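Below is the structure I would like to discuss, written out as structure tokens.
In this document, chain identifiers A, B and C correspond to the written order of the chains, with residue numbering beginning at 1 in each.
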Amino acid sequence: MSYLVLARKWRPQLFEDLVGQEHVAQTLKNAISADRVHHAFLFTGARGVGKTSAARIFAKALNCQEGPTTTPCGVCPSCVEITNGQGIDVLEIDGASNTGVDDIRELRENIRYLPSRSRYKIFIIDEVHMLSINAFNALLKTLEEPPEHAKFIFATTEPHKIPVTILSRCQRFDFRKIGLTSVQERLRFIVDREGVEISDRSLVLVARNGGGSMRDALSTLDQVIAFCGEQVAEDEVQGLLGLVSRRLLIETLEAVLERNAQLALTLAQKVDEHGHSFRRFCRQLVELARALVILKVVDQPGELVDLSEAELQELRALAAPAALEDLHRLLEILVRTEAELATSHDQRLTMEMVLVRLAGLPSGIDIATLIDRMESLERKLASGMPARPSGHERPGGSDRPERPPLPDLPPPGGGGKKSEALPVADAADKTWAGLVAYVGSRRRPRVLALLEQSSPLQLELPRLRIGLPKKFHYLADADMRQAIQDLATDYFATEVRVEIEQVNGGENAPLSLHEERVRKESDREKKLRQNALEHPLVKSALDIFGGDIETIRAIDKGFV
Amino acid sequence: MATPEELYRLLDSSRIPPLLLLCGQEPFLIQQAVRAVRSAVLASEKDDFNDQQFHAKETTADQVLEAVLTLPVFAERKLVTVKDVHQMPAAEMERLSGYLDNPVAETCLLLVAEKIDNRRKFFQHFKKCGLIVEFKPLAEKSIPDYVRRSLDRLDIRISADALALFCSMVGPGLHEIHAELDKLISYIGEATLIDVKDVQAVVSRGRAENVFALGRAVGQGNAERALSLATGLCAGGEPPLLVLSLLVRHFRQLWKTRELQVQNYYAKDIARLAGVPIFALDGLLQQAKRFSRKDFVAIYGLFLEADLAMKSSGADAEALLESLVLKLVRRSWQ
Amino acid sequence: MTFESITGHDRQKNILRRALKADRIAHAYLFEGPEGIGKRLTALAFARALLCVDGTGCGDCPACRKVDHNNHPDIHILDAEEERIKIEQVRSLQQELMLRPLEGRYKVCLIDGAERMTVGAANALLKTLEEPQPNTLIILLTDHPEQLLPTICSRCQRLPFARLPRRQLADILAQRLDLGETEALILAALSEGSLKKALGQNRQLYLEKRRGLIQGLSALSAGSTIPTFSLADELATEKELLPEILDIFQAFYRDVLLLKHGRPESELVNRDLLETLHKHCKNVTTASLMKKLKALESARYHLQRNVNRQLAMEIMLLRMVDA
């Protein structure tokens, strides 16, 4: 004898039995009491949350011999018929198989006749969104001018597929996914009456497996009882449901976030040993990864995640040290992997590769630190820029380990600050660069500009030979030469004779300061590149992904 | 062209025009008027002989003519209704034209149309011979008052917040408004005050309202709200790609209005150039303040990624949408 | 076909035994799991126990014998016709199910490869699954549960079947085929937990040819263009065995990947090639391994799309060598 599955045996018979849809129950009951019953209803919501049950209860309430009542008796002929899905005046139509306009025409014909023995003729159309356009149009005519003795109850999982004209003629009730606790309570009610012993924790697993649908939860419960008999052992439930243990899932995420590929692979092996499908494993990982992201973004996730308080705590601890970017990336990669696994030839290998890849990614935050370091490196290089020694060493010049920092040039147009003239030190300290700086401090912009572009050919006091490229040479008139000479005399504290020559680019002339700066820029870039390439994180990224570094740019911190 | 009020005055004094055309985009009001005409014309509620109804797409002019020319049976007057007249082919309409010059006094020919094409000769002719009444849909800003008045008639009060929430959730169609009001009224049972939590419990969001709410929640950085709206939309069967395109549109508006504001345009010009209704401008600008130009560029990058992924990666589109929303609602943009 | 004679799946068999004992048999089951591991056999054993005159699946009564000979009038099996199970098949099944059982207590129906039902067929089946006739048992079998309509899945009791554990399978193979332990383990590993596969014709490939192929592959390097082409040529001529050969290459690189990340040698497939494996492990980066594995994946895809075999193999090998 095949037994009645729990979902059928325990189908709600009264409004009070409808779990998780109190708002609907209350509204319908009051409508009946106040005699404000609309002629057409639309029940929307996921499958297995109570739409058909509510429709039947409502039909019973309207047509009950005691009625119209908010508590249908359940024993009069009308109630009994409806419970069995065989009411004469309550017609249940499956929208999936009766979608044509002819079916609706038949309905319209049928509707003209008064109910055989009940108060109302009630039409319950399930999955109504599957009707053809013509069928909808035919239906609309009836809805526009509905007969007094008829009521319509439509149910659908896809309300957006229903034409607006029909939608606007119905009173719409949105059935929600049933919360975990509510499902659990109903299950407890049922198992107690069925004489089945099962712990609360096991019931949570069963309830969660329903995914918000009471029918799915009850179907799961059937499975559990079929296997375990009347005494359900906790450890059996998990195995029976094919659920990867929460522990295993969390440890896997932990391993990945801690960049421990070896541990992740060990856990994958355990998953295989337990006989789980990797697709299921991945799906459950996605659920948890999603919860991690939500916990980081939202303080009180409430209904957004289906977890007990204890589980929430655990996940919060896991999410805390991780960077939000990392968690986002983790979630996205897992979501895509789930799709890949569907068509993957070897699910286990695909999963293993993903785990190795995830555990090898450099952290988002570490890149920011990397950038930080590069920037400060830049700064150091800029300030510690050594002055290039001239072609000839100064006689008796010692190799000074410490190079004077390049003093700031006055801003164009002469800044607000009065820069002081550099102290004139002894001859032993004098360099070409120092001369130029000194000229700057004496606020002689024209001379300064020219000297910047000049090449120090020879500095052997009292002789100072400087070279200018052709394009600047004309600027060096007699006045200019005199000016330079005076300044140089002051600086070197001795008589200086200045000679200005024209030099052509390409000659082995020492670099002007300007050219030096240009050269330093590209040197700096090279240095940056060098440093980046040698940084361990970048190295490991290169190692895993292959590829080359194209450019190194200082990125705005806000982006990373 | 007569107003609805004028029509009702005529009906009240039993002066029924033999040629009547009701047109407009608000089916609720038209249905009300049709019922009023019917009870004014017919002696009893159900009068099979003298109450004939046709649908323009399935009827020929000849059938209508036959109906109007047949005298009423056991009654003073008869009513012939033709619905969706705007769908009648021009040729058929022309055949009715002749009748318009010489209608039968005992018959009321009631035509119903969503809109009329003034260039059609038939309607120009009708204007001269019969009465055309237009029913305009309710303006959005009149809705709160309308709702309040409807509730007043039943001695039920509604809090200001509840009213605002209700209007943001339900579109401007009167059928929907009345259906949702009925639900609310039933829900509160014996109570006489409607509060925000009542509205939240039972009122259904129209689909368009839902998506706007999501855009707003994301723009405001309200993570919980955005996530639960996004999940709710997908659970209601909205294709994630559609939701994505509406999010893109929302941010497009935010970006445009912000740029224009920064360039110091006047409010009405901003609204015009950005293509947003002026009453929505304030709200949009409030949201747009949170984002810099770089942020908008980055957000567009995320949109592109999501679009590509939804269309080609085979991954669960809903999960991708949720992931996108999670990224968009980060607590602090620059 | 009894429960006892089916290898493995103890958990699932126990579930079914208990259901029989308690007379709590659901009207619809969904047996899901990889192919060739025993779902159909288990379903038939279940049906036999149900229809047995004794109620035990004795094996002696006329009912049991008829089931064994595929002859019982109350068992109806739907298999795919030209890749799909069509709506006509479901409708004629529904007609059958309306009638009372001819001989046994039950009418049993097996739908093998349920994911191959056309959308129409699946929808037609829905109502039967939801509210079936009494004394009806429907068992759906599938390798790809995710391809089934969720509305179908939610109306069945789901029973997942897992691959046979490698050890267990190896023991059976060692016994049945008289193999050494290492060989048995290798064969078990490559058969993906399916006894059917292991006992199939590709045994030779898995054991003997495998070594040669792997040696050939690992000998290739960036400069060895001619040997690469010649290996590609050899592979291209293999035709039917090619998918399995790709599996072998894949198993090899996976071994290296696992070794690189600290897995013990006991988990590797190619236990007789440890030296080669260790050498590769040292010389090859993880990034490079990933590329090689991707090249294999692409090659599978290309072959599915009917790319010229030789071309596909050349591309694959060149990419692998280049990685």
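Worth a mention:
Quick note on the criterion: contacts are C-beta pairs under 8 Å (C-beta built on N, C-alpha and C of every residue); 3 or more make two chains touch, one makes a residue touch a chain.
Just so we're clear, the structure is a prediction, and the values are computed from it rather than from any experiment.
The chains in contact with chain A and with chain C alike: there are none. Centrality by Cα centroid goes to chain A. With centres taken as mean Cα positions, chain B sits 35 Å from chain A.
Chain B and chain C have CA centres that are 55 Å apart. Residue numbers of chain A whose C-beta contacts span two or more other chains: 342. On chain A, the positions that touch chain C within their shared complex are 1-3, 5, 8, 47-48, 85, 94, 96-97, 213, 215-216, 219, 222-223, 225-227, 229, 239-240, 242, 261-262, 265-266, 269, 273, 275-277, 279, 342, 345-346, 349, 352-353, 356-357, 360, 543-546. Of all residues in chain B, only 27, 31, 53, 55, 173, 175-176, 179, 182-183, 185-189, 201-202, 204, 207, 223-224, 227-228, 231, 235-238, 294, 298, 309, 313-316, 319-320, 322-323, 326-327, 329-331, 334 touch chain A in the complex they form. Against chain A, the residues of chain C that register as touching in their complex are 11, 14-15, 18-19, 22-27, 123-124, 126-127, 131-132, 134-137, 146, 150-151, 154-155, 157-160, 162-163, 165, 247, 250, 254, 257-258, 261-263, 267, 285-288, 290-291, 293, 297, 300.
Across the interface of their complex, chain B is touched by residues 23, 26-28, 30-31, 33-34, 36, 38, 44-46, 141, 144-145, 157-161, 165, 167-174, 177, 286, 290, 293-294, 297-298, 300-304, 324, 328, 331-332, 335-336, 338-340, 342-343, 556, 558-559 of chain A.
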